[in-house]
Every structure is written in C-alpha cells, then in structure tokens.
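Got a structure for you, written out below as structure tokens; questions coming shortly.
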Amino acid sequence: MSFHIFVQQVVNGLVLGSVYGLIAVGYTMVYGIIGMINFAHGDVYMIAAYLTAIFLAALTLLGVQSPPVIILLVLLLTIAVTALYGWSVERIAYRPLRHSTRLAPLISAIGMSLILQNYVRLSQGGRTQGTPTFLDGSVRLFEQGPDQFVQITHAQILIVVMAVLGMGVLWYLMQATAMGRACRAVQQDRIMASLLGVDGDRVISLVFVLGASMAAVAGTLVTFNYGSFDFFIGFVTGIKAFTAAVLGGIGSLPGAMLGGLVLGLSESIFSGLVNTDYKDVFAFSLLVLVLIFRPSGLLGRPEVEKV
Amino acid sequence: MNGSGEGAHGVGRWLREAAITGGIAFLLFAPITGVTLSGYTLEGHWQRPLWLAVWVAVGRFLWSWFRARPRPSPALSRLSGAFSLWLDDHRTHLILILLLGAMILPWFIGKYWLNVAILAWIYVLLALGLNIVVGLAGLLDLGFVAFYAVGAYGYALGHQYLGLSFWAALPFGALLAACFGVMLGFPVLRMHGDYLAIVTLGFGEIIRLVINNWMSFTGGPNGVRAPFPSLFGIDFGRRAAPGHVTFHEYFNLPYSNEYRDIFFYFLLLIVVSGMVFLVRRLRRMPLGRNWEALREDEIACRALGIQPVTVKLSAFGLGAMTGGLGGVFFAASQGFVNPTSFTFMESAHILAIVILGGMGSTGGVIAAAVLLTVLPEALRDFAEYRGLLFGCAMVLMMVWRPKGLMGMRRARFRRSGVA
Amino acid sequence: MAALLTVRDLSMRFGGVVALNGVGFEVARGSVTALIGPNGAGKTTVFNCLTGFYRPCGGAMRLSYADGLQVDLIEILGGPFRWRDLSSPRAFGRRLYYKMFGGAALAARAGVVRTFQNIRLFKEMTAMENLLVAQRARVNNQLLAGLLESASYRRAEAEAVERAWYWLDFFRLADDGNRLAGELPYGRQRRLEIARAMCVGPRLLCLDEPAAGLNPNETRELSEWILALRRGHGVTVCLIEHDMGLVMEISDHVVVLDHGQVIASGRPERVRDDPVVLEAYLGAPGEEGW
C-alpha cells in the first residue's frame, strides 16, 4: 500500500470513526444508565438519514438556496424529530418493562427495531434512496501527480467538525449542567438518586433523547456525505457503533468516541490492506474478541459482580 | 395508570392522554409517512399520518380503559382454571389426536399447501430448538440462523465436495452445527445477557457474510444445489440415475412428484415428534431443571454447585443441533441454498415464533410456528406486513404477558406411599 | 474441637477500597459460629470469598473434614497462573481446570453451601423443583439414562424427590411443595432457601442474615431449626446476623468484624462485654447495650 493510499485510508477511517463515535454515544449512555443495549438505536440513526433527505428535499422545494442555512435547518429539524423517536422508543419498549424479567426489555427493543425498519420500508419503499450531493468540493493534500494525492471532501471535513462539536456540547451538558449531574447521579445509583429527588424516569428519557440526537447528527452528516441509504442501514451500522462503544469501555463518553475512532481506523485500514468484502466480518469479529478478552474496553473499569 | 381516578374524571384524563399521544404520533408519522422520497423530490400523502395518529390515539384510549377495568371476573378465571385442568387430564389424548390429524393432512391438501406444511414443520423444528436456548435456558440468541445456515450448507457443500447423501448429512449437519454452537458458546457464555445477544447477532452475520463472500468454496450469492433425499436408495425423480430405481417404477405407480413431498412430510413429522418428545422429557430431567434454574438465577445455581458454563453449553449446543437439523431439511426441501435465506430477519422470525408461543411452552411454540408460516401464505397482505407485525407482537407480548400466554406448566410431585 | 474451616490473613480490595484486611478466624467442627459487625464491616465479603464468588487478593482458606479430606478453597477459585506452573504440567492443568470451571460451584461441591441476604430462589419454579435442582450430585445426570428413563435414573429421581419431601417437612413447607417459589410468603421463602441449601448436602452451611425480615415467632423457630440441623445432621453452621438475641442464643463462637478486620472473637458472653466491640457498634464507649 503506497503512502498516499494509506493516508487516504486513515482520513476515511477518521471520518467513519467520527460517525461510529457519534452513534456509539447513544449506546454507551443508555447502557450506563439502565444497563441494557438499546437495540433500536441503529434504526433511530436510519430514521435520521431518511429525515435528512426529506427535509433537504422539502427545503429545496421551498427554494432555500444557501448551503449553510440548509445544513443548519436540516440538522435542527432532523435532531428534533429523531429525538422524539428516541423518546418514543423508551416510552414504548423500555418504561413499561422496568420491573419485568431480564429478557423482556431486550426482546421488546428488538421488536422496536423490527417495527422501525418495516415502518420505514412500508412508507418509503424498500429501494435504496439518494440525495443530491450539494456539498461537493474537496481539498487535496500531498499532491505529487495526477493520481498521487490524498483527497478530503468538504462533507468529510464537516463530519469531523460536527462530530467534535456535538461531543463537545454533550460533554458540556453532562459535566457542567444540573441535568448532566442528575444523569451521572442516576448512573451511579438510581435508588439513591431518586431518594435525593432526582426523577429517574425523566433522566432515562433524557438519555434516550440525547443519544438519539447524536445519532441524528450522524445520520444527517452521513447522508450529506454519501447520499444513499435504505431502511436496513441501521442494522450493520448499529452493530458497529455498539462495537465502538464496547471497545472504548461501555458507559464512558470519551470511550465511545475513542472506540469509534479506533474501529473506524482499523476497519478502513483493513479494507485498504486486505479486502473490502470482509470489512464487516472484521468489525463483527472485533466485537466478539473484545467482549471475550476485554469486556471492560479501553477506558472502562472491570465490573465487580454483585452477589 | 392508577386505579383511583375512576368514572367521568378518569375518562377525561384518558381522553387528554389519548389526544397528547395522538399529537406526538402525528409529529412522528408526518415526515416519514406523510411524504415519500421520489427521486430527489417529494410526494405528499397527508391523509396517512393523520389516520395513523387517530388510530394511535384510539388505541391509547382503549389501553387506558382496558387497564382501568377490574381484574378478570372470577367466573372467567374459574373457567380458565377448569380448562387448564381438563387440558392436564387429556393432554396425551389431545397430542394423539393432533398427531393423527397431522398424519392424514397430506391427503387433503394440494401440492402447494403440502409445501407450506413442510415449511411449517421446519419452522416448528427450528422454534423448538431456539425455545430450549431462549425459553428454557434464558439465553437470548439472536444469531440462531447461523446454525440453520451451517446445517443447510453442511448438507449442500457436503454433498458437493464429499458426496454426502441426505441421510449421512442429517447427523453430519446436526453435529457440525452443534460444534459451531459449542465453539461460539464456550467463550461467550460467561457474558452478561445483553452481550450474549449482540455477540450471537454478530456471529450470525459473520457466518452469512463469509458464505456470501467466499465465492470459491460456497458459490457466494449463486448458492449451492442440495439434492432431494432418497428412500432406501429409491429415488423420487422422474427418471432414475443408472443403477437406481425410482419410486413410481418400484411401486408401479404413475409418476407424480407429490409422493416425494408426502414422503418428506412424514420424515419431518417423525423428526418433529421426536423433538417434541425430547423437549418434554428434558424439561422433567435434571438437565432441563438446571436450564430453568440458570434462567432464574445464575448466582444461586453456582452456590448450589451447578456449573453454569457446562449447563449453558448443553442448551446452546442442543439448540444449535436442532437448528442444524432444520437447515439440512430446509436445504433438501428447497433443492438449493443461497445466503439470502439466512439473514437476521430469519432469526427474528424464529424468535417471534418462540415469543408468541410463550417462551418455554412446547404446545404454544408449535401453534405459533404453524400460524406464522401459514398466515403469510394465506393472506398475501400479511406477508408484506410480516416484519411490522412480528415487531409489534414482540413488544406487546413483553408488555402484556412476558411469561407467555399460557405460562409454563410445571411438573407436580406427589409423595410416594412410604410416609 | 478441631477446626473445620481455617481462615488466615484474608484480604480483599475493590479498586482502592480495602474491604478485608488480614481477616483470620476458625470455625470449629460441629459448631455454630456467628460473624457480626456493623454494616459495611466486610461480613458478606468474607462469605463471598468463602463460597467462591470473590477471589481474595491474599490469604488462605482451608477446610479439613473429619474424614481427613483437605480442601484448599483458594486453589478452587482458579488463581492467576504462576511461573512455577510451567515446570509442572500437572499443576498447570489443575490451574487451568479451576480457572475454567472453578469458583463458587466447586466451593459448593466441596461442601460449603450458602444462602443469600436477598433471597435467591428460582422464582418461576416450584418449591420441589428448587430442591431437586440442589441435588445435582445425587440425581442421574446422564442424558441418555434420562431420555430412556432407565431404572437407575428413576431410582435416583425417586430418592431425590423423597429427600426433598423430607426437607420440606423439616421446615414445615409440606403444603407448598408444588407452589411456585416466588409466590410463597417471605418467611417461607427464607425457609425454602435453607431447605434448598440442605439438599446440596453441605458440611459447612453459611447463612447470610437468615433472620432478616422475620417476626419474633419465626426467628425463634429458626433458631430451633439451626440447632436441630447441627445436632441431627452433622452440619457446621456459620452465620451472619444482626439479631443479637439470636446470635447470643445459638452461637458457640462469635467473630466480630469492623472495617475489614477482626476486632474480637470468642464465646458470645465474652464478646458481648468486650469494650472494643461496644465501641465499634456505638462509635464510642457507652452504657447502652445492644
């Protein structure tokens, strides 16, 4: 692999990793608070991709021209509706089962994932959809000839910038606001927090909303960058983002981002070095291996079993 | 919510809640169902989200009303109690009647429905296998389709490369799948329930992707041929291979491929009956009891000297074996396998059967498998909405009856004569 | 009386928190030994180490039975590999085996059986089934024998059912045999859990707060049962308990823990009057009793 291809793959990997990181945040926050995997999270991301395309088309029909305005409006609208979806998932599939058996919420979340996929398929059709590329243009680095360069598109730059921004906002919310303190308190000890007047149900809802918002950012950015999607994209991306969350240490916000980057980079370099066909196999195998050998992840602490 | 707000006041609150729920539903439905992407522009369908939201609001109202009702009347619960007692007394008879019905069925339905029935039995087999893992041992396996695929490809590839016959492939496919189950299970089974679910999900996808991408060995998306079984060397084809006899020649009958399907149907019926027997026995055996104990409380099991790893492995391996068996039958019945039959949707289908059947209950699982296989064939519209309905069924069952519709029947013990 | 269980220098850390620091005590064969101390003193941690749920950071726990059998409870837990194992394949094999299959299950098989502070019954199974699960060592676990219902399988099963009835009768649970464990009233659940532990055939029965949540009548019954178990069934009992009345009444030996250390031990009367113990409980020497 030549230098240019390698650097190109690293760039692509970082971009991909930012997306995984953004989605992984949703898994890691939910897991941190209720100790369960939100199986419908990947599909919330898929919904965000559809919403982005729909809002983009709607704004174009309304005659909005300026790219920054479009990006901002689409982002805000998508976040709002996607967050509502995240909230609804919690309300329907998790809250009624808070005191049920261990398997029940898992199964209802899988049911929710099936519902979302099929609901989108039935209403939007099963075929792959696309959006016009409206963020073309790119930067070339290390240019040494006609085929010898590293290309970074503006959309890719937008992804990384927005991912950093999104994580920054989230970090601020969690660390510096009363809301974030409530979240962290519930994460530590839900019963104690409720005794101190923190409404556990509201915090759990909030976490689902925040996670969905981050997935919405990811969905919007990916749609801007790649422009094509179908009702099934949430499945594979969801598992990979979950892998990222586990890799970084589930429950930890910086861990999710780090895990996303590590996964994105290694997947991208694997595709460049070995084979593109097996890149999903690679990611899933990584998931299995991490869970077997280091379930606490890179930044997580090993769990002590409660007897 | 709470039983205190009865009467007109309650109805007012329900209406308000229903209106709010409908409003939120409208916001959710409007962008996705109200407009559809068509190329780069949009088509409007404004009536769709409106109706959906109205239905959600009505559903919410009915839900509140339903929940506020007093508990089921004593007459009703007495009736259901009497019914379950009657069922207990006549269980053996009922099973015999059903078996008899299943045996004469092929002569009353046409070729098309015979094939549907064969598919239904395959799903019964798969669901019984997954039921051991999910319903009895409480391990959520989302990659069950992997073992199904291993069985199916074990037969198809075994035939292609090793010349395995169907009869040799049955134990081979089952054992191969069991090996895969144990291989995956051994490291994975120490994990937390959620992790297990996602690892099995990933494993299922790995298997499918490898089959799909390993062109030189598996033929990739083109699939592999899997021949139909023969009966003691007698073929069911129109013409026999050199040195063989065909079924219709041997019995001096006019050729019809219906014999073949009926033969296959009975073969499956025997295997499924064997499986039902096995599961029913296992539930009363130490192993089955240990599975259930493990589902209830792993820590308590360890404190009693039960080794969770081996107990879980046995459930996982046995479940995988059944999946493999189902795979061999599936490959033989289709005559051909390719990776599209082994997607996550297939795992979800089998899981939905187990959940609708009421996790753990053998009869329920069989009924659900038959229902969920026959319905999509009977109602074309149903097939389109299948995934959606599976999802709704999973959520509703968990919210409403997490332990299944009937609840598991427990073995009863009496004192022996010696006091 | 000789010691059934010898604990020495037991220490346990969770991250930076020292839960146990050099705990040592003995449980005499056939005795009732109580582990007491204020909340957070490390009593349940000692139990978790004894029964194999935690692997202690250091120390020794050894069982020596009357028939001469010696069990090293630390080895059973599957300690980390040592360099020495490389020179001896046998030691390596043993360590590997214990790492894979060791822990609580082997401790239970060695005869240390426990109950839990927050009752852990198999709630969706009947009381009978709970007791049958506990008899793992006695029933016929072979798959084929069970499927074919061989004579030896049926005999073992019938004996297990008999034994389960015996323990149900013992704890006055005879009418609840076929009821779901989760449906029983609280006091009966506590009893059922002890009955289940007895079905394992323990030599050392560890009861974690057996009287918690029981009314005075039930507590009195419990103390009679514990004494009967020791008298009639050769069981040594080790219990954690906050009900001092119960502790004083039934125990032969009391070990007091505070901040992960043994601060006193001896006969109940002596421990009760020990000023160090009073201080641990009340924060300062005072005239109030328990």
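Here the chain labels run A, B and C in written order, and each chain numbers its own residues starting at 1.
Everything that follows uses one rule, which is that contacts are C-beta pairs under 8 Å (C-beta built on N, C-alpha and C of every residue); 3 or more make two chains touch, one makes a residue touch a chain.
Just so we're clear, the structure is a prediction, and the values are computed from it rather than from any experiment.
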item	value
Most central chain, Cα average position	B
Of A-B and B-C, whichever chain pair has more C-beta contact pairs	A-B
Subunit A and subunit C: spacing of chain centres that average the CA atoms, whole Å	46
Inter-chain centre distance, subunit A versus subunit B - centres from mean C-alpha coordinates, in Å	31
Whole-Å separation of chain centres (CA-atom averages), subunit B against subunit C	41
Junction residues of subunit A, two or more chains touched	305, 307
Junction residues of subunit B, two or more chains touched	299, 403
In subunit C, residues with contacts to at least two other chains	53, 116
Subunit A partner contacts - residues on subunit B that touch it in the complex	24, 27-28, 31-33, 35-37, 40-42, 48, 134, 138, 140, 142, 187-188, 191-195, 197-199, 201-203, 205-206, 209-210, 213, 299, 344, 348, 351, 355, 359, 384-388, 390-395, 397-399, 402-403
Subunit C contact footprint on subunit B (complex, rising order)	278, 281-282, 285-287, 289-290, 292-293, 295-297, 299-310, 403, 408, 410-413, 415-416, 418
Footprint of subunit B on subunit A - complex, ascending	31, 35-37, 39, 47, 50-51, 53-55, 57-58, 60-61, 81, 84-85, 88, 92-93, 96-97, 100-108, 110-125, 129-132, 235-236, 239, 242-243, 246, 277-278, 280-281, 284-285, 287-288, 291-292, 295, 305, 307
Subunit B-touching residues of subunit C, taken from the complex the two chains share	51-53, 100-101, 103-106, 108-109, 113-114, 116, 120-126, 128-130, 132-134, 136-137, 139-141, 143, 146-147, 149, 158, 161-162, 164-165, 177-178, 180, 196-197, 200
